[in-house]
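Each chain carries a letter (A, B, C and D) given by its place in the written order, and its residues are counted from 1.
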Amino acid sequence: MKTGTQHLYIPGPTNVPEAVRQAMIVPMQDHRAPDFGDLTLGLFADLKKVFKTETGTVMMFPGSGTGCWEAAITNTLNPGDKVLMARHGQFSLLWADMAVKLGLDVEIVDLAWGAGAPANEFARILGNDRHGKIKAVFVTHNETATGVTSDVALVRRALDESFHDALLFVDGVSSIGSIDFRMDEWGVDLAVTGSQKGFMLPAGLGMLGVSAKAMAAAEGAKMRRAYFDFTDMARANATGYFPYTPPVPLFHGLRRALDRMLDEGMENIFARHRRLASGVRNAVAAWGMDLAAEHPSLYSDTVSAIRVPQGVDARDVIRIAYDRYNCSFGAGLGPLNGKVFRIGHLGDLNEGMCLSAISLAELCLAAAGAQIRFGSGVAAAQEIYAEPAARAVQRSTRAAARIAAE
Amino acid sequence: MKTGTQHLYIPGPTNVPEAVRQAMIVPMQDHRAPDFGDLTLGLFADLKKVFKTETGTVMMFPGSGTGCWEAAITNTLNPGDKVLMARHGQFSLLWADMAVKLGLDVEIVDLAWGAGAPANEFARILGNDRHGKIKAVFVTHNETATGVTSDVALVRRALDESFHDALLFVDGVSSIGSIDFRMDEWGVDLAVTGSQKGFMLPAGLGMLGVSAKAMAAAEGAKMRRAYFDFTDMARANATGYFPYTPPVPLFHGLRRALDRMLDEGMENIFARHRRLASGVRNAVAAWGMDLAAEHPSLYSDTVSAIRVPQGVDARDVIRIAYDRYNCSFGAGLGPLNGKVFRIGHLGDLNEGMCLSAISLAELCLAAAGAQIRFGSGVAAAQEIYAEPAARAVQRSTRAAARIAAE
Amino acid sequence: MKTGTQHLYIPGPTNVPEAVRQAMIVPMQDHRAPDFGDLTLGLFADLKKVFKTETGTVMMFPGSGTGCWEAAITNTLNPGDKVLMARHGQFSLLWADMAVKLGLDVEIVDLAWGAGAPANEFARILGNDRHGKIKAVFVTHNETATGVTSDVALVRRALDESFHDALLFVDGVSSIGSIDFRMDEWGVDLAVTGSQKGFMLPAGLGMLGVSAKAMAAAEGAKMRRAYFDFTDMARANATGYFPYTPPVPLFHGLRRALDRMLDEGMENIFARHRRLASGVRNAVAAWGMDLAAEHPSLYSDTVSAIRVPQGVDARDVIRIAYDRYNCSFGAGLGPLNGKVFRIGHLGDLNEGMCLSAISLAELCLAAAGAQIRFGSGVAAAQEIYAEPAARAVQRSTRAAARIAAE
Amino acid sequence: MKTGTQHLYIPGPTNVPEAVRQAMIVPMQDHRAPDFGDLTLGLFADLKKVFKTETGTVMMFPGSGTGCWEAAITNTLNPGDKVLMARHGQFSLLWADMAVKLGLDVEIVDLAWGAGAPANEFARILGNDRHGKIKAVFVTHNETATGVTSDVALVRRALDESFHDALLFVDGVSSIGSIDFRMDEWGVDLAVTGSQKGFMLPAGLGMLGVSAKAMAAAEGAKMRRAYFDFTDMARANATGYFPYTPPVPLFHGLRRALDRMLDEGMENIFARHRRLASGVRNAVAAWGMDLAAEHPSLYSDTVSAIRVPQGVDARDVIRIAYDRYNCSFGAGLGPLNGKVFRIGHLGDLNEGMCLSAISLAELCLAAAGAQIRFGSGVAAAQEIYAEPAARAVQRSTRAAARIAAE
């Protein structure tokens, strides 16, 4: 029998804060009540703060981030439209698959799993696209499978510098609400995320930021769509309602989650994620292991994909964690299966949780056959966590640079 | 300030049983854990019992019943396919709208709001469809807007007697799990429902029964689809997983809800709904008012749409209930707006709840200007509720016949 | 299998508001944490508002109201002290029993069950007590067994007019927080209540208001006590702590309950209880039945003890309610067993709840053999509930007067 | 703002398992309902299994363990009775204080805080008590303040070998349900515990095991008592009821907690506590620090009181943990204040939790000025936790012996 806290260190669903859990324990209510907008209109307003958009619109679709991928595509593009994407991890791969399924002409830049979005290559391709055949560029801001954060601003610059008009789609499922994301400043047209990561809720809501340009594109877009239709949703949302029954308990949870996020402050949230992630990365360095991410500049502050040593099967690490220690780590996906295990370090998290993740990882790595000195990773993380928050952020940047230099 | 129980008598979301609420208060967990199927595979098995299918498959899509409408269409039909539908209430209307949006050639039989599915007219049309142009017939089993239950078996007979091969789509959103529904026996190919009605859960899951014939059709169907794709879903479901992050707390709630439903027994659930609905209908008759449903044979056991007297605005009834008595009734939709208010009497319900619905309706009707004798409807319902369950069912049938005869 | 809302119409524990239930779902915390007083000190302050005391102290003892009876006695009296009490119901009887057990010399005025506290008789006895032998007078403000509210101010006047120095003990278990109670104005020295009635919480906390005079008496009192000792409790409470581990989730619930109470306003709470109780009483009158309370001036706004007709066993009413209708009514206690059933109408309540209580009572009375016209009581209550709150209060007073005049 | 899990490593209240939290989220119910005993009678039966008594009775008093101290005394002893106790920690001290307050003639054996119950000294005193003046011997099985577990069986032997008839009182607040306790085998007459430790519930219930001999003594005992009276309680309990309103949600939680405990098995629970505690102790040894307990044979498996190095203030450790790391450790009580901090390791616990406690303790000790090598304690604990459960128990015994030998 398993006892004690279930240790959840996957990159989503993340741990739900107690206050948010409380808020979701509600009796059912009429989603057509006259005062229903008192709840929902405030959510839309505050979601815009998290997405950092003033000119865009944020919608919530009952479903998942995957559904919002589809909503973004079917509302703004036409069958056969050419789009530009990179494939460098499981989620960029799945998004590309969906684009093909939905009838787009997908130009794919294939990269190593561990690479970031190829802004230079995108710039070259966009520069050559004299006739504006490319209607959209898709960027996976944070590739959850590899723990890689790409530089969306660079892709925007690539578009701007070639005076290219394509829409900029961004998968921010494991970034928005946790690490720096700026919809307006970066000129993101479609920003996709879900409830179960930085928003610290159960899965069940996809959120989608839509720029004014994307909204305009939706008017002429001819892809078939119904459930995910912007027009129906926007019209109902305008007064706080939905075109079909929404999952109201999640709205109550989101209210509380947004209150927490805005109370903590987005920049403080980012700094906390940076600090906690730095501890985990220091631990990995101390173990003498590598991250899947190719370069420190790509290290994700929300998830680390850790390469296990030769001869060790990462699946054993994960299985032992689950069976013996009531702990869930993320698996390696696709070609990384068996080669990495992932520690999700996003959402409602603190030092003690990261330290238990690291110390349990040490036990599981050892049990799976890795040569590891007990406590070594913990000590490396403690070096970060011993310092006051503000300085630790700097230090962690330095630590990353040091590792990079080695 | 509102005090006391919030009285929820809308036709969904319905009241969540305490045991089901408890079950959903869970920490997040890894939906890719090795034992995740221990939870989900049992759900699929038990959902089949509720749908009454042995040869079909039941899927759960994060989203809503509306999403399952779309899933049913996009997986089994082709662009331009001809389908046959009736339009006799808000939900059949919306479904027809969706079919058009998704590119089907929709032949609509328009009927009064309050009519049932026109099995005879369907039979005629199908009989004339010598070349099998019609690929599907859509039936709204229980039109939630009008409180009308249609006879699906009759439509099946119409198909069979004309040896017609069209798929039979059924919207069972407000019927499945509450009133008699027999997927296999009635030859239903696509049976759509959602979590927030008879399953007594919050909204957030669409459930879809898919016959073997429909599953075969899905292989060749050429409509664009991704999020709602059967193939991806079925492949992942086979081992208990999902192609994207599912709303796990709802699964825990569903587990407990299914336990309750199967413990009570489907036939007993139907009898209970019949008995409780009969009380409400007796009350309406005592008030001298009519239901929107055209004929007693169409009366729904899950929702009653009650026509208010001339000179009374049903919106006042609903507003007064909400503002003064902390009570939610369903509004009249579309052309019925202001003309009916609806009492949802489905899900986790008992006599005391129906009596409070009826007694509050009396107060609100009076306040909205209706001539009504206080207690008259209550007394009529009490006549039903005073009798032991078994006899009451018979009696309520008799009562319906009596009203019909008047 | 029971379905639907469990209808709880007993005079405590009362229905817990949803917001209060939410607030109690907390992880455990350290009751010795430095900021623990942030939670508890505010509770003490707000409890004083509910007790209407500025000069007294309110304590919370883990336990029940019964424990506070003991705390009140053992901290302020000495073995063999003479006290004056009336016995006119189960709870005054039990309190007298306890006083005897704890070694007091109890002078009892025995009255009919249904009578109020005998202020005139008390005045006579106190007037004759030339040597001040009587150290305390005990009043059961609201006798939960009979639905009788006594006039505490009259007893205070009896004390004052005879210049008597005895402490005034009041059992306010089913009154404080629901109906008018004024600790300072009435000169109450020991005011006992519990969490599970007007405070709308689960049982588990006894609350005790202690006047400055009673606190002074505690210093010299020689009864053995430990768990319920004022000194230990007051010393720990001063900084927000407790002498032993307190039930912290209840404190969180109490925080939310007090917020609701003070938001609604104590006078509005009293008016609401009056209005809702009036409806119940009108129903009883319409049935042609009597309350156990001897006179309308004694009618309790928190509980009605209803005498069933000759030949009917009130236990059948209660059993049928529980078994068939998922409804709990209060039983007749002691000599009233079988003769009355009680409807608790206190705490988090509204019209719809009272109407379901009344309509279910009609069903159960009929099933138990009473001659009753269905809907008659409901209609009588609806007359009250149809009027705006303010006027209804007046009317209910008039109704009581009318009944009294008959 | 604090984020993430609140780390609770105090020796009670302990972490409540999710399943137990779920179980307590119940609407209120009638504690006088005819089927109430279905819930409570099973609790009494299963509590006896945990107390390991077949011939005794277990009672539950709304309140706390402190209340059960009082219940044990006032029901079985007479004013002026002589009792024998040791004082070697805060809780034995408080119990002795209570005994004095309640009018007993307390013979106290004063020992260092860190010593165990002085079985030899007790034997000597009992042997000299020729006339049986001593009516009871009090043993604090697990002194929560010092982390000392005493040998109750030895005290029983001391009684038996001197043919002494005194009642044996045992404070098992932080032992029963977590470590080996055998009421019948050890001849314990009064066994006191509470809900918030090994039973993994919030505070609010005191549990008390009463032997047949103690129950007989209660009949003649002349101490004043009311709330805590055995007779009233036992009579009501016999049919599953209570003499006053009990905290029903806790009963539902207890039901689930007992299910978990009996599913895991008491011996497995003890082994798990041993194993987890061994890890903590290994960490302390690695830090070069001492426990307050004087000898390894006294080490408690539920709580460790850790002496901080000279020059370090343990209050700083606790404050830093709370303020910076959202972590609660137990404070040093009485003379140990500032000298020790306590890690509670009982209840619903696992390796990852202990490792986070240890790693956070390292951070806090360092911040408070202790010379400590980061990760050193963690590594020492990991040595224990790396081994399969069964062998670890042996090893931990060996480790203790090794430390003892140093």
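To be clear about the criterion, a residue touches a chain if its C-beta (ideal position, glycine included) is under 8 Å from a C-beta of that chain, and two chains touch if they have at least 3 such contacts.
The structure presented is a predicted model; accordingly, all values stated were derived computationally and were not measured.
Interface comparison, C-D against A-C: more C-beta pairs in contact at C-D. Chain centres here are C-alpha means, and the one lying farthest from chain D is B. Look at where the CA atoms of chain A average out and do the same for chain C: the two points lie 54 Å apart. Annotation: 45 Å between the Cα-based centres of chain B and chain C.
Note on chain placement: the centre of chain C and the centre of chain D lie 36 Å apart, centres being C-alpha means. Residue positions 6, 15, 18, 21, 25, 27 of chain B are each in touch with at least two other chains. Residues of chain A touching chain D in their complex: 1-7, 15, 17-18, 25, 260, 263-264, 272, 325-327, 348-353, 355-356, 359-360, 362-363, 366-367, 373-380, 382-383, 385-386. Taken in their complex, chain A has these residues touching chain C: 18, 21-23, 25-27. Touching chain A in their complex are the following residues of chain B: 6, 8, 10, 12-16, 21, 25, 27-34, 61-67, 69-70, 74, 79, 98, 101-103, 194, 196, 202-204, 223-229, 243-250, 319, 322, 328, 330-331.
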